[in-house]
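Quick heads-up: structures coming right below.
Next, two complexes with subunit A in common: one pairs it with subunit B, the other with subunit C.
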Partner chain A sequence: MSRRIPWALVVFLVAFWVPFLGSRFYTFVATDIAILALFAMSLNLLLGYTSLVSFGHAAYFGIGAYTCALLMKSLGAPFLPSLMAGGLTAAGFALVFGFFCVRLTKIYFAMLTLAVAQIVWAICFKWNDVTGGEQGLPSVPYPDLAWMGSLPILENLRLGDLFYIVVILIVLLGIAALRRIVDSPFGRILTVIRDNPERAQFVGVNVRLYQLAAFVVAGFFAGISGALFGIFNRGVFPDFIYWTKSAEPLIMTILGGMGSFWGPAVGAFALVVLNQQVTSYTEYWPFVMGAILILLLYVFPGGIVGTIETALTPARPDSSGATPAASQQADRGA
Partner chain B sequence: MLEVRGLGKAFNGFRAINGVSLTVARGEIAAVIGPNGAGKSTLFNLITGHLQPDEGQILLEGRDITGAAPHRICRMGVGRSFQRTNIFAKLTVFENIQAAFIAHRGRGRDFWTRSSTLYRDETEALLVSLGIRDTADTIGGLLSHGNQKQVELGIALACDPEILLLDEPTAGMSAAETRESIRLLERIAAERSLTLLFTEHDMQVVFSIAQRIAVLHQGRLIAEGSAEAVQQDEQVRRVYLGERH
Partner chain C sequence: MPEFSFLFGQFLGGLTAAMFLFLIASGLSLIFGVLRVLNFAHGSFYMVGAYLAWQLVRWTQPAPEAFWIAALGAALGVALLGGIIERLLLRYLYDREELYQLLFTYALVLIIADAAKVLWGTQQLSVSRPPSLAGSLQLFGVTVPHYNLCIMLLGPMIAFGFWLVLQRTALGRIVRAAALDRETLGTLGANVGWVYTGMFMAGSFLAGLGGALVTPVKSIVPGMDVEIIVEAFIVVVIGGLGSFWGTFLGAVIYGQVLAFGILIFPRFSIFAVSTLMAVILILRPWGLLGRPIR
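Our next item is the complex of A and B:
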């Protein structure tokens, strides 16, 4: 993992060429994947790195989406400040809600995040004057990207393609920042809390404070991804916050592998592509998805990335005389 | 160094700790012994803030730390190991110790430096001093029980404690491992002029290194003093040592 390949750059260089395939559909799918990848990776900061299971992550996705869309549509604010405002507002709400949520642990934490998200959903669903209620906020404008069209390589691209380039730039900047955070001392403390909160307290870690900080950071990046999604979707609707939306990044993370940094992004890719493929054959997509999840949980608990990593790592004999019981004990923390 | 005054704690009316007073002087190696359920672990949990006492006071260097949060007590120089081995199972041994340095020195607020570059020398030195340098890159949870205990001691030492509370440091170890880890403990306590307070089942261990022994029985302190004095004590012989000799 520490081979120091700048993966974000590699992914950018590959993803950059998608619009040049000339298919509106490919650009559409790739934009979807990029935004949801950031959403899922923001959740994995909680799920995989801090062992906080949030069932209400869509709240921050939706808050970011509404904030950015309202600023751009109603106030005509420019794109980047609106985007940042979306992220920061989501982080602000994550701070307030998280303050209460981290007071509880395990399933109670999960249920409280879910409850909070459903309250946010109900408010957005009913607050007609601001959020448009059930009708949502349709026709959110694209940012002004005409200047990009005058750049040499990009001159023949459609507006949707240009927006895609902007999306992958922002998403990969976000992912690079998340990588930096995960590798930082702060990130190390999160893994310490994940592995053993009781012990963490007794190396001087204020566990709740760090959990809250992780919640806020995750909320910020969820807000950024939501803001991008609102523009991409050309509208923001209450179902952005509905609990089924919170399940999406959870499924992506488990599918891709929550034990690895890029796992959720791989999961987002796999889920979106699978969804497109399967729905073209059958209307029973949820059935297929359920079957895939069951298979994963039983046969490949490390997800796609975890399974590949295990396959690539030659089984090295352990010099310290590890017992099967000891390794089971290590796995149990997963 | 550490003073406990009239400490009491009840769980649903059951008095697990009942009016215990205890003093540990700086540099001393002291043991708390007692049969299973005597309240040893509860006493430790009260001292380290994992439990809140119902009554009494805990003073560290004369400062009242009663009821403070565990992470605060740790920062005041109290280190501890747990009865059930308690390490960070999915991190490597090196990362386990390094994380403790990062946490204790308050670097956790840093969102940007690469954590892998921090406290490398300190971690290395501590691993060498504990004799577990060769396991540095092994995942903690995969180590043998004895090695995990050493890692846990390392985590506690990384917090640069002045007093170390060890809950059954040799539990589950073979006789050879026990001897070795006791030697290790004695050496490290001497090197760092640590104060040690530990609980232990193995009477040989207790009598070989403890300078002072406190005996708990059903939540009460029934004797306190040197190894000889405690061994001679009638009540102690009856309720505790008698079971074994």
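Our next item is the complex of A and C:
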């Protein structure tokens, strides 16, 4: 049923009107959500579709951000080529790093991705001549969007609003591409690997090659989202890559539900809105986020989308989800 | 060629850093070795140990050797905190995927960091050296504070004590069995649940002790938790997760690479240790002295 509805288009048609609410703040929040949604969804290609727990996804986000920002700021390159360069550079690094990472399994994969991200962080943090070191790259320019202002509906919009329109266009194109990828035979094989890597190997799938391909694709879209974020943030800083940053898309994915395609986007939406709400009351947002995360892990492991789906589906006694969990509970009693 | 005393000073500095790291990392390694949980919150326990030590020193100020009591009290407090967390929450995650365990311990990092800010504020705090070790020693033209010398001996001794208990006692045999095969151990009548709790507490104790003992050398600041955990990770990965002597070797290598890396590549010494870790993960994911799991 959901396949018939082009959700990316629907979301675009709704999200398009945000700047017309007339609030700079809404546009700001919506841009943030859109970019982080793409970041989280790129991660979910690994997490939800291939069952690879990357704890260093921020590396590719950061590489995309630095590449695009450097091209636009230092070389004055135009926006779209810089953006693509950001994505492709991130994908290139994902290819090199991923080549080594996919050789490891489970916890070691998570650790190597984390280690690699820390190396990238250390380079960006110290390489003053190119990355600006600790100070980062401030004042990344906005793309030249004057031509958009002359379009009929968009004529009265501010630059930030125009950039928002560009962002949602790119993000939703990216999401549509991800949808095509997960629905393709390639995507199906990824889910086979997720469900049973040994069996996938037996039927002749080159598991590592497919995992590497997923890693590169995820790196590409992380790079694109990072490139957009650098412009949106008006600067790129080494913090983008620090290991704690890699946890953010993981939290968004878990919050939205990693079992569903749109889950991470829902998670990004919920987390950003919640962040805005909570920070207006207290500075202790990390505390709240930690508490939410624990609640999710113990009470709503399916995330928002998973919980809604369970609530909407009529209960079946033989539903596969409940039994293993219950038996695990029993095992742990000892 | 730099002077000998300078190189020796670098070497001792690296060794002191290594011994602090060894205390902390051996706790991390102990927890991973038995529970198979990579505990991001280990750095947070270290930070709590430092803050608790500061607090206890303040409360016990007039006593002459208050520092040692405070350090022990802080470590015990952290062990208790670890025990409560393990009993109430963590143990329900052992059978879940790694992702859930990682995110759980990451949630603890967030919560503990903010809780520490609420309790102790964000300003730098410091603890003075215990008066009995306030002096220093001249060694090949290098001034070595007595306290640092004491840590260089104390760190390995405490950790060695843990190793002896693990290798030479009946209790240690149960713990090693739990690391190998918890189900069989359970059928043999051991209370595996409490073995896990005990190990988590022991690991937390080491983190708390490390945090308490570092206070006379480093000031206590928010953010020390996420910084140290990366270092401790690198150490245990280099040496071998779950391997005791591996962690020792990893700490020594880390300390020396950092101390001498600064001389060779002043800017990229952090880069050097991370790269070392990545190379080891690629070539020997189980570390220099570790053993592959399954």
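Everything below uses one rule, namely that the second predicted complex is superposed on the first by the 312 of 334 C-alpha atoms of A that agree within 3 Å, B and C clash if a C-alpha of one lies under 4 Å from a C-alpha of the other, contacts with A are read in each partner's own complex, and residues count from 1 in each chain.
The criterion applied here is as follows: a residue touches a chain if its C-beta (ideal position, glycine included) is under 8 Å from a C-beta of that chain, and two chains touch if they have at least 3 such contacts.
Predicted model only: the values in this text are computed from it and were never measured.
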item: Contacts of A:Y284 with subunit B and subunit C, given as first, second, both or neither; value: second
item: Partner chain in contact with A:I294 - subunit B first, subunit C second, else both or neither; value: second
item: Touching partner for A:Y108 - first (subunit B), second (subunit C), both, neither; value: second
item: First, second, both or neither for A:S150, with subunit B first and subunit C second; value: neither
item: Which of subunit B and subunit C A:N206 touches, first, second, both or neither; value: first
item: Contacts of A:F55 with subunit B and subunit C, given as first, second, both or neither; value: second
item: First (subunit B), second (subunit C), both or neither touched by A:W243; value: second
item: Common interface residues of subunit A - those touching subunit B in one complex and subunit C in the other; value: 329, 331-332, 334
item: Footprint of subunit A on subunit C - complex, ascending; value: 36, 38, 89, 91-100, 102-104, 106-111, 113-115, 117-118, 186, 192-193, 226, 230, 233-234, 237, 267-268, 270-271, 274-275, 277-278, 281-282, 285
item: In the complex, subunit B residues that touch subunit A; value: 48, 50, 69-71, 74-75, 79-80, 82, 86-91, 95, 98-100, 102-104, 106-116, 118, 134-135, 138-145, 147, 152, 155-156, 158-159
item: Interface residues, subunit A side, partner subunit C - complex; value: 47, 53, 55, 100, 103-104, 106-108, 110-112, 114-116, 118-119, 122-123, 125-128, 242-244, 247, 250-251, 254, 284, 286-287, 289-291, 293-294, 297-298, 301, 328-329, 331-332, 334
item: Complex contact set, residues of subunit A against subunit B; value: 2, 180-181, 183-189, 191-192, 194-196, 198-207, 210, 318-323, 326-327, 329-334
